[in-house]
């Protein structure tokens, strides 16, 4: 009998599974924190969590509401100044997995968190870059967690805040971006991964209960489907229990916040 | 040597209309009390430099204190967007807001260059992003040894830095611990600085993770207990998460916002106690 | 994750003949025990990077371990010059010594660039001095914003960093306090690192002023109580000032030096106890 | 009745007097430390001592044997990493007085601490630059403490480690050196100060018992003498007592070490 779970919970579980023990992760609040802490509570107890507030090796017992939560600092191996976290720890290539969200993503995994519409007179002014461009640039791998809809999966970004694969194969190298770029895009419908030859996102997994047409309809470009398209395993009882235990630690956090 | 003075006097001494003012605190130690004093004093035309504009920035912007925002990421984390920020930028209310946006890495390195007496800093960034070509603080630079193309960001040297810290001693030496953010750099990069503190003590006992700003590197110190609220001060207070959630509704509407400011800032004393 | 191993094994694992090895400690925490193990293992052709070559550097140079010295200032502070250093440089004994000298500010910024993943750093320096035009690690650079002429120094990324610290926990996280010098940068700039520690403890209790190197940023940890002697380790030992004074006579003469090394290093165990 | 005192003691006292309370001083070991701590014990109790080991606001009770002495760290307001002491505290112009010594000095206050003789095959290989070039470059004022003899006061340096006034007026500006350069050279014979118009060191004071010819003979160039050449006041009883109390705290320090 399958347990019921939300799309956000599936996203968190899928991301958690994609993490290996002892990996070093650069994390923001919301689903990435949930996924990382779920991994820590299940198969990856030595996962290293780094928050751009300067917390290295945070081990929170509650999901953080902000990246500067006191518990992150209190449980960290060390807290360093913000220039150091960016220069010594992110830029120098010490991050295995960088998590990002965005308002828009394109087929090459480039991200927009700056504006919807025109830059100078936007329809919506978004929060802006924050740590994202350098996470996108420097992390060995980037995992993007984002809802999939024609509003988010767009053919052309209104603004390129962070570089995925840029304009195509070789563009990251040409731009001098030393990290590997987006290696997984985890959505409420499935998982996409880049085709190494074309640097284009390809749907490789569909979550349980989601059909291919739904994914195509939710994508603003002609979505490529992997020939060996697979089905994500649903969350198992253990994962769900841990996840819900974690979610209960932070009742004010909007569920499904990405 | 830092002078210990009352909050109103300190703010008046350190911040002038038209100044570029850095107000830093990365989730932690956000200088709300000082910011509210800026509002009470009716300051105008400030260029606010803040890595992570937040509720405090929203209050300053919505009160017409700020004409330009130098920032990296603006929002109310985990809650939503900043309504006063959007209103000012998109509709010019109450005064037009100019934006000078950055990546965090870009802005922190501008502070580092400013604190280091250099005119620019070097980082890996900006290439291939939409900010390239749009912002004046970035230019490409080539490594003289490897030929590699990197990013140069211009130093930032604000007129004033305003930060909150745990405590100062009677000589005005300041001690900050917990998430220390970019406050040291902001203070050292600025011509003048105001540090609000929870308390003044006889002696700064050593604290793990603490940084100390010597009194001679600070302009003014003012006691403001709870001065970071709704942000927190490690060792003294907790983050008021409910406040941040409630801010969304308060700030969504111009009248509700103005009423809140009127009650909680304009007619409150330096301790934020409404009249 | 840092592996905790015996000193001999750790040195063999982290340092290879021909490596560029940073051995840092600014008067404090100088890694003598590790250095003596390099001598015992008969290592050769190392490029030694050390801001302040000192008695340890003299011992390594005089033992034929070092073929090139990258440094800022070389001497026995308050006592005199380094005789083995001079002998090697001026007379090629026991092996010729090449020098790559810097100002301290230049070399520390090379480490900062190395730790930051950048190919160069910028500072104010070198202009008008004799090192200008003589050293390959410096080139002039122009600020893209102001046109000001500044100094660029090439990043340094040693093959190995060897430092001494107070303690590590059983997972290999390292804690350093007191005068922390440039050790964090040296470790982070290097491909491999060895940290010798006074002890391994269950838990790293927070200490004021301490920095922590996470285990995953360190290659190997080895216990070496008194591992900084005659330098000191804050919280564990005092500087052996008499040793530094006595070193002048010991090292002035090649035979006296060799005899000292034979007794105190070659025939001593890892704890420096002569046979 | 005049007390007897050594030339080194006169140098320490002369330097101490040149310091004003609350000034921020970048100090090395030897005579500069002695002078600064004497000032702290007499007229300048709030003098701020900074050591390039990272110690800010050191208040030692014993003269330090090294710039990394434990007591410097223990008594400091704060200890920072070495990159920070150079970048944030020295380079950014926060130092009022920087102390330097050298093996050779020329008429423009340029200093040599690198080699005697040819650079590649020196007669004597000296310690090298250390912090000196950047102290010389950035400090608002530099005080040089050095013995005066034809061996040290040379017409032409064998190597220019640190810039005083370079090749003459305007050279510091041309080189982009933002500090004021050497404003006092304190020797065992007297005190020299730069002529603001020619940027050349001029003898302004003779210590008690020293005559002008001795100073001329000890100088490898045609030493300029100030028209209003003055006599340094000898150490008074109070200064000497404090100085000797300090010197007694560090018996192993070579007396007169500069």
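Going by the order they are written in, the chains are A, B, C and D; count residues from 1 in each one.
Following the convention adopted for this analysis, a residue touches a chain if its C-beta (ideal position, glycine included) is under 8 Å from a C-beta of that chain, and two chains touch if they have at least 3 such contacts.
Here's who's who by UniProt: A, D = CoA-transferase subunit beta; B, C = CoA transferase subunit A.
Keep in mind that this is a model prediction, so the values were computed, not measured.
Of the two interfaces, A-B and B-D, the higher number of touching C-beta pairs belongs to A-B. Between chain A (CoA-transferase subunit beta) and chain D (CoA-transferase subunit beta) the centroid-to-centroid distance comes to 57 Å (mean Cα coordinates, whole Å). Centre-to-centre, using mean CA coordinates, chain A (CoA-transferase subunit beta) is 28 Å away from chain B (CoA transferase subunit A).
In whole angstrom, the spacing between the mean C-alpha positions of chain B (CoA transferase subunit A) and chain C (CoA transferase subunit A) is 39.
Those residues of chain D (CoA-transferase subunit beta) in touch with two or more other chains are numbered 78, 87, 91, 138, 178. Multi-chain contact residues, meaning those touching two or more other chains, occur in chain B (CoA transferase subunit A) at positions 117-118, 123-124, 148, 150, 184-185, 209, 211. The set of touching chain pairs reads A-B, A-C, B-C, B-D, C-D, using the touch definition from the header.
Of all residues in chain D (CoA-transferase subunit beta), only 29-30, 52-55, 65-70, 72-73, 78-79, 81-83, 86-87, 90-91, 114, 119, 121-122, 124-134, 137-138, 159-163, 166, 171, 175-178, 252-254, 257 touch chain C (CoA transferase subunit A) in the complex they form.
Against chain C (CoA transferase subunit A), the residues of chain B (CoA transferase subunit A) that register as touching in their complex are 117-124, 139-141, 143-146, 148, 150, 152, 154, 206-210.
Within the complex, the chain C (CoA transferase subunit A) residues that touch chain A (CoA-transferase subunit beta) are 1, 115-118, 173, 184-185, 188, 211-212, 214, 216-217. On the chain A (CoA-transferase subunit beta) side of its complex with chain C (CoA transferase subunit A), the touching residues are 22, 24, 48, 56-57, 77-78, 87-88, 91-94, 138, 178. By the touch criterion given at the top, residues 26-28, 51-52, 71-75, 77-79, 81, 85-86, 89-90, 101-105, 108-109, 111-112, 123-131, 134, 148-150, 178-182, 184-185, 209, 211, 232, 234, 238-239, 241-242, 244-245 of chain C (CoA transferase subunit A) touch chain D (CoA-transferase subunit beta) in their complex.
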